[in-house]
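All chains are identified by letter, namely A, B, C and D, in their written order; residue positions are counted from 1 within each chain.
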Amino acid sequence: MVDGEAIRSWLSLFATEVARNRDLLTQLDSAIGDADHGANLDRGTSAAVSAFGTADHSSPGSVLKTMGMTLVGTVGGASGPLYGTLFLRMAGCAGDAERLDAPAFAAALRAGLDGVVARGRAQAGDKTMYDALSPACDALDDALAAGRDIGDALSLATAAADAGRDATIPMLARKGRASYLGERSVGHQDPGATSAALLVAAAAQALSGQVSA
Amino acid sequence: MKKLINDPANVLSESLLGVAAAHPELRVDHEHKVIFRADAPRPGKVGLVSGGGSGHEPLHGGFVGHGMLDAAACGEVFTSPVPDQITAATNGVDGGAGVLHIVKNYTGDVMNFEMAAEMAGATGGAEVVAVVTDDDVAVQDSLYTVGRRGVGVTVLVEKIAGAAAEAGRSLSDVAAVARRVNAEGRSMGLALTSCTVPAAGKPTFDLPADQIEVGIGIHGEPGRTRVPLAPAAELARMLVDPILDDLDFAGDGVLAFVNGMGGTPLIELYLMYHEVDRLLAKAGVSVARSLVGNYITSLDMAGCSVTLLKLDDEMLRLWDAPVRTPALRWGL
Amino acid sequence: MKKLINDPANVLSESLLGVAAAHPELRVDHEHKVIFRADAPRPGKVGLVSGGGSGHEPLHGGFVGHGMLDAAACGEVFTSPVPDQITAATNGVDGGAGVLHIVKNYTGDVMNFEMAAEMAGATGGAEVVAVVTDDDVAVQDSLYTVGRRGVGVTVLVEKIAGAAAEAGRSLSDVAAVARRVNAEGRSMGLALTSCTVPAAGKPTFDLPADQIEVGIGIHGEPGRTRVPLAPAAELARMLVDPILDDLDFAGDGVLAFVNGMGGTPLIELYLMYHEVDRLLAKAGVSVARSLVGNYITSLDMAGCSVTLLKLDDEMLRLWDAPVRTPALRWGL
Amino acid sequence: MVDGEAIRSWLSLFATEVARNRDLLTQLDSAIGDADHGANLDRGTSAAVSAFGTADHSSPGSVLKTMGMTLVGTVGGASGPLYGTLFLRMAGCAGDAERLDAPAFAAALRAGLDGVVARGRAQAGDKTMYDALSPACDALDDALAAGRDIGDALSLATAAADAGRDATIPMLARKGRASYLGERSVGHQDPGATSAALLVAAAAQALSGQVSA
């Protein structure tokens, strides 16, 4: 079962990974965007970690809401509303529950993904964060349906997210700044898909132990 | 990276301190990073709010003042402002006649302004109408993509819609004028060099000494194509031809706007203006008004863009109306 | 070299074609490369002529118009105009009340203006008085040298003397005002990068990525010293301290002018203005007026200069008086 | 005896040398000035060569006047008035004479040098064209006074100009743009002294044959 504390460690680990990969994210965004994805996301996830210090984390929903509000309020750009919406929709789905079981967590993540689509209207193959998040959600659902435990399921989701991220390389971008480049967007890995894969990997690392506990 | 800055993280907030110190006729909300007219809100007047990532100065903060914007929400460099900032700007200019959001067509800008407008709607705030600018012919528009970028025409929308608002016109009127300007304007830009985002610390792209990027936006992103550096006469053709191909500019006259990207000296911009003017004359397009200078920039990028706007009588009158902002001023 | 030009030899003449096309309120004598107010000469008004090498735009051509210059003689890039050009400018603005030459203190400028004035004297032309600007505290003045360079204060002299001439004051009055502005103004500049003179084709000097030149002029010449790049707060001190050491600015208030060298974005200039403003507050110097932007540039050089002018009531009034030029405009 | 035609070949040769050394002059001016001396002078001397095509060259004075007027009218900067004045003063000194003998030529050159001083107030050691021209005039006068023929005298003048040019390297500039550099002007050869040495060398080459004829 995932409680507020577990969500907090997941998102804190994500913040650490964003900080570590800040230059990589910005470099990827230099090639096909405007060279700010690392700085943007790092500003937001650092602010969220600070906010966690004082905010309510009695439930998964409250932590996810703090995360979503903080990202909406500090990131800006495309990724701010998108990641912000993802976490706010997760929070909405999680409601007031003190703990989420594995299917409930997967359902919340799926709700977050739907929020990303509602906000940004991305489809598979547009070369965005969707291309990492969507296969991760599918893998998570499939593994849980097949009776795998959450640790295994999140590992499979991570592999799917990584594969989805890598699959953005040959794509021709149709959403976000990279779309302005037309054919020249081909051959570059999408920065948002890269940060999304970090998010899924952080979940596998932070939550698998907790949930099986 | 060589810049007149302290910590890259504080470029915007420290620059806003300078804006506040240099312009007593403006009021800066440092918490929200919003630049207001000192006399905002003006009761009964439609409030004009724009905003976007910083690094395009004077856009937008330099266009706040009588006859143009009431407030500009300043995002981090090349990063659209967050909804809170836009909400603070919107509330601060709400004089009871509604608020127009002028939004450049970038995913981030559109989404953040949308979220702010949704909040205003949900909380019974000001009536908000958004106009999205998307004048960049370098981007192929299609149902499946995000559409064209908003670039040079944004300056002209802010001026012309600003004059309409100053004249006391209604929100729907002002929005209609703004949409017409956007619909009748087209732009195209090129870069001789990349720019350097302070937080990134190095140029966004490398450009060999004999290559340029054509079809760039204003965020240091690479353009549509990389071609060999060419004489100004040829460069002007690369910018003007796609614009004329996209819209028929025959008529009473256009506003011809040659804009510098920040690192290009005026002597070159005027030289480019001459080339553009020649091409327009050859194409039978008559020029009624002109604007030459650095108005919508991309930090220290060298390069320029051309914007043409097909004027009608009303737009012409509103363009000529008095304006008093740090970067565009006449008649006052 | 990456520039928006055709042939380096034609940069000036082609740029002037653009100026003429963009500014119907100006008249360009392309043969002599002189930019005139379209309504020059104004009978009974003292004519104001300035000029110098090109590459400092908007100085001087961008300051031609009501309330400022009547004509600007445009030399080749960084090369003072020849006497013929200055003579054409002088004759073209002679409205019978005499002509003031505003000359930046460079050997070439001084000699060419002198030769033009001698010719005017010898041929019974207009009565000419010259005022030489020399405000650059980076240069140690001495009996044996050519003295300080004329830099930022030149813009302020042109504005303030221009307002005096517009008000109908006599040649000796206008010259006295111009000299007072020069006497009460001081400047200091720094460069983050060199500039590239079109005819030279490569940067005038090489500057390692972590070094800057302090005490530069406006011709891409190296400065007095090369020091490591430092935060803006420290750079501001390097510019403000020598100015305050040179002249006592206590009094009613100063005009604080942070000028960009051409390649530095506005966001950085406002950040520098904030630092300058802080230092002045700390030194007890009160700021009455400010100016921030690219007004006297050095082609594409990145960097800035600070100019302080000790205002008196008359200067303040003349500064605030209406002006209508391409680069400085208010009240009209 | 030097006639108008000889003066014309001298100044045309000077123009050729300026064109050949254009980049060198600009490069020297980059180090301690504003990177335009080569372009400035070349613009003027080329214009003068064109002007020679149509102008009167029946006497040394008329050719020198064309040269001076053209330089004043096309060069600008510091070197335009200075070189312009040099040739105009030479013209004044030469008057209407159809030919100049060696002492008359030397006197004209001296008058030109005095014009440079009158206009620019340079003194020996200021690191300017004066530092090449003045030793050249002295050497010319001395050699003629010692009874040397004009060819020898101009060779000695050339050597003196070259030495004077080289002597500008260690000087601290007190006139012209280089003076703004203070101590940093030391160690660089003055561009104007360099072009002045070209002028004297061109005289040696173009006039020694003619005069002895």
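Criterion: a residue touches a chain if its C-beta (ideal position, glycine included) is under 8 Å from a C-beta of that chain, and two chains touch if they have at least 3 such contacts.
Composition by chain, UniProt nomenclature: A, D = Dihydroxyacetone kinase-like protein; B, C = phosphoenolpyruvate--glycerone phosphotransferase.
This structure is a prediction, so every number in the text was calculated from the model and none was measured.
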Can you list every chain in contact with both subunit C and subunit D?
none
Distance between chain centroids, defined by C-alpha means - subunit B, subunit D (Å):
55
Taking each chain's centre as the mean of its CA atoms, how far is subunit B from subunit C in angstrom?
29
Take the average of all CA coordinates in subunit A, do the same for subunit D, and state the distance between these two points in whole angstrom.
75
Need the CA-centroid distance for the pair subunit A / subunit B, whole Å please.
32
Residue numbers of subunit B (touch at least two other chains)
77
Residues touching two or more other chains, restricted to subunit A: which are they?
none
Topology of the chain contact graph, where touching chains are joined (line, ring, star, complete, other):
line
Let me make sure I understand the interfaces: which chain pairs count as touching?
A-B, B-C, C-D
Where on subunit B does subunit C make contact in their complex?
2-7, 11-12, 14-19, 21-23, 54-55, 57-58, 62, 77, 192-193, 209, 212, 229, 231-233, 235, 262-275, 277, 287, 290, 292, 294, 297, 299-300, 302-304, 324, 329-332
Note: in the complex, subunit D contacts subunit C through residues 26, 30-36, 39-40, 43, 72-82, 119-120, 174-177, 179-182, 184
In their complex, what parts of subunit B are in touch with subunit A?
53, 75-84, 106-108, 111-112, 114-115, 138-140, 144-146, 149, 197, 199-200, 204-205, 217, 219-222, 224-225
